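Naming follows writing order (A, B, C and D), and every chain is counted from residue 1.
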Amino acid sequence: MQELVKRASELLADGSVARVLGWKAGDLPYNPEPAYFENEEQLRSFVYNGFCGANLSKYMIEASKLEGKTLVFLKPCDTYSFNQLMKEYRVDREKAWIIGVGCRGKLDIEAVKRSGIKGIESISEEDGELKIKTLYGDHSISYAEAMLERCHSCKGKEHRVYDELIGESEETNDSERFAGVTEIEAMSPEEKFAYFQKELSKCIRCNACRNVCPACSCRKCVFDSNKFDSAQKANTDSFEEKMFHIIRAFHVAGRCTDCGECSRVCPEGIPLHLFNRKFMKDIDELYGEFRAGEDAETKGPLTDFTFEDAEPGVVAERG
Amino acid sequence: MSITAKTEFKPKIVAFCCNWCSYAGADLAGSSRLSYPADVKIIRVPCSCRVNPMFVLRAFEKGADGVILCGCHPGDCHYSTGNYYTRRRMTLLFSMLDYIGVEQGRTRVEWVSAAEGVKFSTTMNEFVEKIHSLGENVRLGDLRCRN
Amino acid sequence: MYKIKTENLTALFQKIAGHQELYLPVRNAGQVNYANWSDEAEVDLNVLNTVKSPKDAFFPQSENLYTCKRDGKKITIEPEQLKSQNFVIFGMRSCDLKGVEVLDKVFLEDPLDTFYAARRDHGTIVAMACNEPEETCFCKAFGIDAAEPNADVATWMAGAELYWEPLTEKGEALTEMVRELLDDGSEEAVEEMKTNIRRIIAKLPYSDLSMDGWNGEVLDEKFNSELWDELYKPCLACGTCTFVCPTCQCYDIKDYDTGNGVQRYRCWDSCMYSDFTMMAHGNNRTNQMQRFRQRFMHKLVYFPANNDGMYSCVGCGRCVAKCPSSLNIVKVVKAFQNQGGEQ
Amino acid sequence: MQRIGVFVCHCGSNISATVDVEKVAQMSLLEPGVVHAEDYQYMCSEAGQARITEAVKEKKLTGIVVCSCSPRMHETTFRNAAERAGINPYMVEIANIREHCSWIHKNIEEGTEKAIILARAAIAKVTLNAPLKPGESRVTKRALVIGGGIAGIQTALDIAEAGYEVDIVEKTPSIGGRMSQLDKTFPTLDCSACILTPKMVEASAHDKINIYTYSEVDQVSGFVGDFTVDIRKKARSINMDKCTGCGVCSEKCPSKKISSEFNRGLGKRSAVYTPFAQAIPNVPVIDRENCIKFKTGKCGICEKVCQAGAVDYTQEDEIITEKYGAIVVATGFDTIKLDDFDEYAYNQSKDVITSLELERVMNAAGPTKGHLERLSDGKAPKNMVFIQCVGSRDVTCRGKVYCSKICCMYTAKHAMLIRDKYPDVNVTVFYIDVRTPGKNFDEFYRRAVEEYGVNYVKGQVGKVAPQANGQLLVQAVDLLDNKQILMEADMVVLATAIEPEAGVRKIATMLTASIDTNNFLTEAHPKLRPVESPTAGVFLSGVCQGPKDIPETVAQAGSAAVKAIGLLAKEKLMTNPCTAKSDELLCNGCSTCANVCPYGAITYEDREVNDHGIREVRRIAVVNNALCQGCGACTVTCPSGAMDLQGFSNRQIIAEVDAICR
């Protein structure tokens, strides 16, 4: 982390960048927030730790409009989002100084709390274990167990776009990316329906999943506009939950980089990535493997086709 | 059709037809007096690629029991490539609907040329029959539209 | 003071639900929210904060106001019936109770919100003390005592027993209804419980949070502060904070076209949204900084200025736990205080 | 609020027999916005139309719904009626209650109920209609033909004959194309040069045709009727006005060992050269890569020997910018590379040649002066083997999946010519199928077999192996006799697959003309619009669209010309008003819509917008109405709904959906 701060100070000092976009230490052991830093003094509160899960690439949309370059710290998976945004002309590569930071998996405070830990006073790490002091006694939980879902199906620790790299990464991928999707696919229609009905009934339509999503970068979402007579503010009927999540996933199909931010931020813990990954799995199976954000040029699968593409009837044929 | 006599259920079926092939195919079915159930109502669109997944969901929201899209055969699109996009979009959409537990048979895409009046009528007969077998759409609709 | 063994709580719920609707924390797909009790419901009284606050019981996220039906060119209007059945809401915490007090200020003042008022009239609140407060709690800063849940009935969970004390007429009536399931309990156990709770609260990371400097008097200075420009930056403009908040009371009124008419309903709105208070000419708050500022100015300055110093924040900590960008009201409160210190 | 009139047609009894038209009118009157409804015997008749115009005036209608036959029949009729009545023609919607209702339903109750619903969908839609106005755009009366082969020449001649200016852009130093390399043509065996040269001369002499040889298209902008094209005239190093075509420069040029493109590498040429004797223009070019003067600064012999003083080493590439109303692509083909076909030993043995190379060998002006001889040792061959489908109908990724179409015929031609001229040479042809669908084609092939004794063997050649004795060992299978064949040959000729010229992809991109996976340009419609590209104003001539022989090429060249003439003859173009339109306040500028537009109608510009008080410069999609054909692909790909289709807007279609489902 000191290396990051040092390099940021250097670049600020020599005028290479006008500001730094990173994470600022929070007031609890686990709540750092995305923040801008404009001088060394401010950089004193810079932090980079396991709880810096936030993907900063979307902030670069606004940062691209500012004078001068913005130094942005991107984790390997964040660089996919940056590429995708670049492909869609939403960020300006010229305005970004990208330092690719190492990543050994990011932590999920909800995962910690799910294990029954409450009243957290401090969190420290020793040999792959998180030592957690709480008001109700000391606990420990393995780093891997406390990781975000997305890190267990990490797409790799290679940065796809950067100016320089700082820090080491560790492989965290220990599960099959589409396992969750496959599990649902194997259910009967009744089970599928019950599963999603239950998950989606929790949705409070806070739009956190949408607003955090680097692919949902529309200036005005269809669900906020009258273009389709589809403006919604609440799930007054259970249909609206489905409509919102299906269309959202559809709009980002072929563009979603699987950064997992939607699932990370959902206050109701809805596994939203299961929608996006369903499309990814279908795209991979039907149109050839595709990873949005691997580069900033390749045509997305929904703006492309081949003459031999599967017919929609394939859905029924697959059973 | 005899199937309407089988039950009281009168399905609502929306058929999006592209102007150049399928709508003309439906016209030909008409002028050839090839009947299909009156439950099917056709909406004319310039090309099947004009059909937004939101239209499909909208139909279900408002109480449709089945939605079918018809377009030119791949390779014959009036706009040369439109139906190729339709094919990918609808494949993914239908797959997602299946994934969340909506019955597969409620959605369908069929390529019908301007010369295929018979195919149009057969397709619609089949589709209506399928919807009859599935019954009323209860999984994907807004209850407020049902009273 | 009464008490009941926790193993008998199911019987208690069954009994209540036999007479009235019962609304309590239920775990569904991994998350605990208030929901109607049923035999299958997985009741969870250990969770301190439900994801959504229980304000839903009085001010639902979405509720119908009236229905228009069209038959040819004839239109009929059917107003929505007001709540007329009694119900019980079980398990509310002190902070959320205070939240209801805040809502009362808004909805029970003139002009009276009849939908809200009907629900308040028919609802009996059984509250619970917080025997395991968490690091996100800061109710103390608003003078709330998590050990004294002042509602129709107050309860304390002590080991294998729930202590039960009716405090109002409604509370007495409810107690009467379930009397056969209750045993007499001693005050001491509860007092010990309270002491313990207060001891823990004093150790919380936010226990020293004060509201110094936050009153209606320095409105302009706060409003024009450059701090907002920094504070809002990570905000994603989602509605998480507003929708989990027990005091946020803003709503939008919308029409839904049912095909044969219109259902007019209201639903929660969020001042974080770009189309909040949108008017024909556009919006009076054009950027996220202004929207962000509005939320906190309302909670910490405008509301207390109009309501005898009552903040419209109760320190439940939901926004602290749920903000996707780890922003929260505590950070805002402190930012202004720290700035004061530096000057 | 609209004031809508609904007009229900009986169509004699075509509709009224199974639809209670009166009830449809009555029920329509109950829909919001409807102020008038009536039914009539024949709405499309003069009297029927008069009822519409009267009602428009009396009831001050703003929108019209006609419940009648298919809009494909009478939409225009009713739009014209509306216009006569003084309202915008696009304020008319048709409810198709004949083809889609009365004709398919027998039960009057059912038919009536459906007709009412179809009417109310049309009413719901027309409520949201907005007046639309077709745009107008001007037409530049000049055509560009890209490619100067027989296709390009024929297209240019036909357009010029109709009285329009035409420019031909040809990338090589002379027009003539592939046909100029051929010796004889099937099935008549007339001399290729003899029939091509007069066309070349005619084109060159035509006062409406302007030929840019040794030139390429650099950039294209604009749209149908109004293209702007940059043509790069590569530096020829010879002043075309001064050169007399005497040829002394080529004769004296000391750099003579350069492989001749025209002779497919089988002969040599000098650094300053004219590709072939009949070249037009008959002006040489200096191949700067191989010219000693350009390489070392020394030499300069050509300049010294040129009496006309035409040699100019200082010439530079010149960009000519010209406007065109129509563009015809006639870029032709080449044979595929055989690097991946090691089994035929093409790269190992000089005696394995392609059919196009054989054309040069057989040609009197070719490398062997027309004598059939082995290129390795000059000996006359005794046994020749022809292999068909080399790289054609090939499902491996080495070749092409399609049939190159011309190979069966030219192989028969070659076999016949050889047997005719050298009766003692044995000719064996290996084939998968012999395809001869064309006038006099099968007769021609049968003559090769029956009269000329060409040995046709159905089967594929597995390997051609050069032997130490200079012979080629051919291993093949005879599929009819089901036996292995091993035979020695002196020469092997490969009927190599053809593919579009390498540069066509770049040209297609510039023209936003779509291209298929084999790099052939795509037609607007494979059956009904085979010479038009989906991009308006761009036409296809010759093999760039798909394999074809000379007569087919000439026929297509003529039809491409007619399409271009049809366009150039117009004073103004009326554009379809049902085009896409982007809402600048919602547009993300993400370019997704442009990715799916088959017409290249969407471009982006940085524009200052005022978004409810926020002023900023944004990247915004702009639709060119002259190019947009209104398919709507962009509208669905646009996640924010910024892109909408006029006449078929999101709200309109949703209103129809709602009306049907309620």
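Here is the rule we go by: a residue touches a chain if its C-beta (ideal position, glycine included) is under 8 Å from a C-beta of that chain, and two chains touch if they have at least 3 such contacts.
Keep in mind the model is a prediction, meaning the values are calculated, not measured.
J.: Measuring between Cα centroids, which chain is at the maximum distance from chain C?
T.: Max centre-to-centre separation from chain C belongs to D.
J.: In terms of C-beta pairs in contact, which of B-C and B-D ranks higher?
T.: Answer by contact count: B-D.
J.: Nearest whole angstrom, what separates the Cα centre of chain B from the Cα centre of chain C?
T.: Chain B and chain C have C-alpha centres separated by 46 Å.
J.: Hey, how far is the Cα centre of chain B from the one of chain D, in Å?
T.: Once rounded, the distance between the two centres reads 34 Å.
J.: Could you state the distance in Å from the CA-based centre of chain A to that of chain C?
T.: Inter-chain centre distance comes to 30 Å.
J.: Report the inter-chain centroid distance for chain A and chain D in whole angstrom, where each centroid is the mean of the CA atoms.
T.: 45
J.: Out of chain C, which residues touch more than one other chain, so two or more?
T.: In chain C, residues 256-259 touch at least two other chains, as defined above.
J.: Please output the residue numbers of chain B that touch at least 2 other chains, ranges allowed.
T.: Within chain B, the residues that touch at least two other chains are 52-54, 58, 62-63, 75, 81, 85, 89, 142, 144-145.
J.: For chain D, jot down the residues that touch at least 2 other chains.
T.: In chain D, 596, 637, 650, 654, 658, 661-662 touch at least two other chains.
J.: What residues of chain D sit close enough to touch chain C in their complex?
T.: 30, 32, 612-614, 658, 661-662
J.: For the complex, which residues does chain A have touching chain D?
T.: 65, 87-90, 217-222, 225, 227-229, 251-252, 299-300, 302-304, 306-307
J.: Hey, which residues of chain C end up touching chain A in the complex?
T.: Within the complex, chain C contacts chain A at residues 28-31, 33, 48, 51-52, 61-62, 132-136, 200, 203-206, 230, 233-234, 236-240, 242-244, 252, 254, 256-257, 265, 267-270, 273-275, 320, 322, 324-328, 330-331, 334.
J.: Given the complex with chain A, which residues does chain D contribute to the contact?
T.: Going through chain D, the ones touching chain A are 516-517, 583, 585-592, 595-596, 604, 611, 616, 619, 637, 639-642, 644, 650-651, 654.
J.: Show which residues of chain D lie in contact with chain B when the two form their complex.
T.: 70-72, 96, 98-101, 103-107, 110-111, 113-114, 117-118, 121, 514, 522-527, 534, 578, 596, 598, 629-633, 635-637, 645, 648, 650, 653-654, 656-658, 660-662
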